[in-house]
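Inspection log for the structure reproduced underneath, given as structure tokens.
Going in written order, the chains are labelled A, B and C, and every chain counts its residues from 1.
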Amino acid sequence: MANTTTRRVNPALTAKPNPVVAFVGAFFGNFIVRRFLLFLLTVWVAATVIFVLPRLTGQDPVKEKLLLEAQRGGSVQAGMNEMAQEYSARLGLDLPLHQQYVNYLYDLSRLDFGYSIAYFPRTVNDIIVDSIIWSFGLMTVTLALAFLIGTGAGALLGWSRSPGWLSYAFMPFLTLSAIPQYMLGLVMMFVFAIMLNLLPFFGAYSPGNLPEWSLSFILDMLRHAILPALSILLSAVGFWAIGMRGMMVNTQGEDFMVQADAKGLNGVRIFVRYAVRNALLPQVTGLAISFGTLLTGAVLVEVLFQYPGLGNTLFYAIRVSDFFQITGIVMTIIISLAFATMLIDMIYPLIDPRVKYTQN
Amino acid sequence: MVVADQETITDSGSSDDEFALRVEDLQVYYGTPRGTVKAVDGVSFNLRQGERFALVGESGSGKSTLAMAIMRLTREPGHIAGGHIYLNGRDVVEMREREIRDIRLREMALVPQGAMNSLNPVMRVGDQIIDGILDHVPSGESAPNKARLNERVHELLERVGLDPAVSRLHPHELSGGMKQRVAMAIAISLDPNIIVADEPTSALDVVVQRQIMQTLGRLQEGLEAAVLLVGHDMGLVAQFADTIGVMYAGKLVEVGSVPDVFKDPRHPYTKLLIESLPSFDISRKFIGIPGMQPALLNLPPGCSFNPRCPSVHDRCYREVPEYLSIAGNRGVACHLYEEEAIP
Amino acid sequence: MLGTLLVFTVIGLLGYAQLDAHTNDPSQHSRLDAFVSGGAPVGDKRLPPSWCTWCEDIAELDADKKPTLFQYPMGTDTQSRDLFATNLRGIPLTLGTGLIAGLLSVGLGTVTAFIAAYYRGLPDVLIRLLTDVGISIPGLLVLIIIRIQLGTELVWWQLGAGLAAVGWVFSSRTVRAQVLVLREQPYVEIARQSGMSGLAIIFREMMPNLIPYITASFVGSVAGAILASIGLEALGLGDFSSPSLGMTVYWVIQFGAITLGMWWWWLFPLIFIVIIFVSLFLISAGLDEWSNPRLRRQV
């Protein structure tokens, strides 16, 4: 009955609040905890949508396709019968729907995406591990560079004391941001790889060249990365520059900017500590929101340049209807994205003192 | 307060004056798509060392524009179209950007409007006091060390009536009155000899308003600085200032010591302003000023006050009244007082 | 900006004029037929634009019939489709997908934003949670899975509806933020206290001030949806019988048009895509200035 008593008494009136209640309150009131719960919720919703929507149609095209392949004797790969059995066993297609759903979530929670259909004995995780390195390398570098360059350029563009020619010099980049990354990639591939024959136009390294830690291989790798990286970079730089320029213009209308001038501060200090520092805050929030769009664009750039990352692997999986692999890759991307967004949100209170970890 | 007679002053730049600030025929214009707005149109006045001068007027009369122009903080599309501002004998209007930056805070400091978010939301209060000090270290001298700076910050915060612990806080953790005190601490951080206070108590509640004004007065006495106070609350201003200047539609229409002006206002506008003050005498009828301030874009010909003036006559529609010096160190811009003018 | 808007509209109209006249009879092809057939094979493979006299001839002509000057103004592809007709039919399809997605997203987004902001309480919490979650899930990827599991090809309007289903959260977020600001405005408060009904407040008091934001959100949604639809099609998840711009990009990648030297295959759709995106970009930049006059002083 102790529980009932504690529940009835208003905690604010008791001299000593129940430590358990206080702890639970503080725990869920904590920003980091709540953000982590949102992360879990995001992944769960995505997983559920992916599970539920196709089942509304009542058919199972994947199983049909698998069985069809098995009957034909497996034109994609051998072992289609095993695949079909594996598929049935895995999703427990004879089980009631809610049981299937629980199994599905259980596998997901262990990040187990099963076997690839196209490369049968290999697991999806194997394939993902192989390709994620390339994607991670390409994308973290280019997206980080784009954010830094774009934000820096936007800060200068929006600064009222910048020279006038700057905005004209930057015009092309603003226009480039309106063009999809893969379209930009197409043009660059044609100009630099085909017309000028300067750079390789597909792959992450030359065929026949095996990955190893040697200078020549690293140079070869970098040469292959230039075009895909530039396609992502050129388009994303303008995107960040436009956002930052707008924020700089807004920030300069703030009262504290007048006061910074009235204090006779050094121009560089006003620019960095007052204008950029404040304009950066919405930019970081924007980073969390636009991450997904930028990333999916980058996935297509990989396809275009046959860069052996997740995007390209996904493309091939789609072509051969390798259902497990597609789900695996998509869920991997969704989870990493949700994770990155969560990290950004968790770092945010560090740069904006008005947002507190403990606020409700 | 001595009223400057524009014609008699010839050699202005070089004198080592008794005046901390001399404003001569200052014009601040705003270019708008519909024409030029003369927000400040030919204003002249002087400010002695240690004097408290208050500028009053309705909103839109140009008083804040004038205050910002003196700091040379006029922003686009506004610009100083003419005139001079002599600060300790040197013309602020002619200064290069580098010089003006050095002078701000060191010689003249701004206490911003109370309603403004004048503090950087992402910096700690202490750092915002320190950065002004650091940026005014004369070239060749080394910056004071951290301990000295912190000591100075604590001293400044105590002088404006705040706990030194406030230096560790961010602006959003402070109340409106506390923020204004921090702004004052910044303003006095380099012992300036002129403090421009642009409606420092706006948007604060009445009790806090009084406290802020008292603190400002105490600081002024300690520094023996001149204060240019801009306000629209005649009552508050009267308690603080030695001298009062009344602005109407971009022009200074009357200047005089506070007791003189309140006892015997000369300009019809000043008379109405003082009559409209609420008093404890309940039997008196509350009187406002009839009509509205004209739009600065199309001022009536002649005296700008002519549509609302009770003593209006023919000349007022034709001639712009000149600014006249009259007895008792006073000045007024009105045709009615031409006989009294001191040449 | 107005000029580009005009170009944008003209392309749209020109394309839409062809939408209904859809016949698939390759047997006879006059200029007009090629125009309407859109994507049907014409018999001649890999022809460069026929006006391009200096072009290297990599064509596999069936017979020695030389194309007349304007027979294939944008050449033909490896499947012997007249690319002029393909592009002309493709532009309205792509624009249509974007418009459908844009309209649905903004409609859904605005309605949910109003429900959330106006009724507060539980509906607000749920909708906010849903948008927070939705924004961090890349919609394109969810669509990929759904499309794969559905097993059927999506025609242009279905694609648009699908994109709206994952894209409305962005509109909802933008509009909701603005409704929250407006809700606290004194004039809305006065309207509420003077007994105006909820719907009347929304449409008479709030709507006029929301129009710039809703329009901006619409333009953003259209751009986002076109981007995503081309992406989805380029990945091979489009309607294979459709001549939309995204499918052309898919065939370009699939057949390695760039390495084949068939520049006309990818250059023209690329130009159209760029025109569409730059127009949308300029429109949204103009809208930005409309709702945020401070930006006007810059550039």
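To be clear about the criterion, a contact is a pair of C-beta atoms (placed from the backbone, for glycine too) under 8 Å apart; a residue touches a chain by one contact, two chains touch by 3 or more.
All figures in this text were calculated on a predicted structure; none of them were measured in a lab.
> Is the way these chains touch best called a line, a ring, a star, complete, or other?
line
> Quick one: point me to the chain whose Cα centre is farthest from that of chain C.
B
> Roughly how many whole angstrom separate the Cα centroids of chain B and chain C?
Here the centre of chain C sits 57 Å away from the centre of chain B.
> Using mean CA coordinates as chain centres, what's the gap between chain A and chain C in Å?
23
> In chain B, which residues are in touch with two or more of the other chains?
If we look for residues of chain B contacting two or more partner chains, we find 76.
> Could you pull out the residues of chain C that touch at least 2 other chains?
In chain C, residues 297 touch at least two other chains, as defined above.
> Which residues of chain A touch chain C in the complex?
38, 41-42, 45-46, 49-50, 53-54, 57, 59, 61-62, 64-65, 157-158, 167, 175, 177-180, 182-183, 186-187, 189-190, 194, 201, 242, 245-246, 249-250, 253, 288-289, 291-293, 295-297, 299-300, 303-304, 314-315, 318-319, 321, 323, 326-327, 330, 333-334, 337-338, 341
> Flag every residue of chain B that touches chain A in the complex, lowest number first.
The contact residues of chain B facing chain A are 71, 73, 75-76, 100-106, 109-110, 112-113, 116-123, 131-132, 135-136, 170, 172, 183, 186.
> Tell me, which parts of chain C touch chain A in their complex?
129, 132-142, 144-146, 148-151, 224, 227-228, 230-231, 234-237, 249, 252-253, 258-259, 261, 263, 266, 270, 273-274, 277-278, 280-281, 285, 288, 292, 294-295, 297-299
> Which of the residues in chain A come into contact with chain B in the complex?
Spelled out, the residues of chain A in touch with chain B are 160, 254-256, 258-267, 269, 273-274, 277-278, 281, 351-354.
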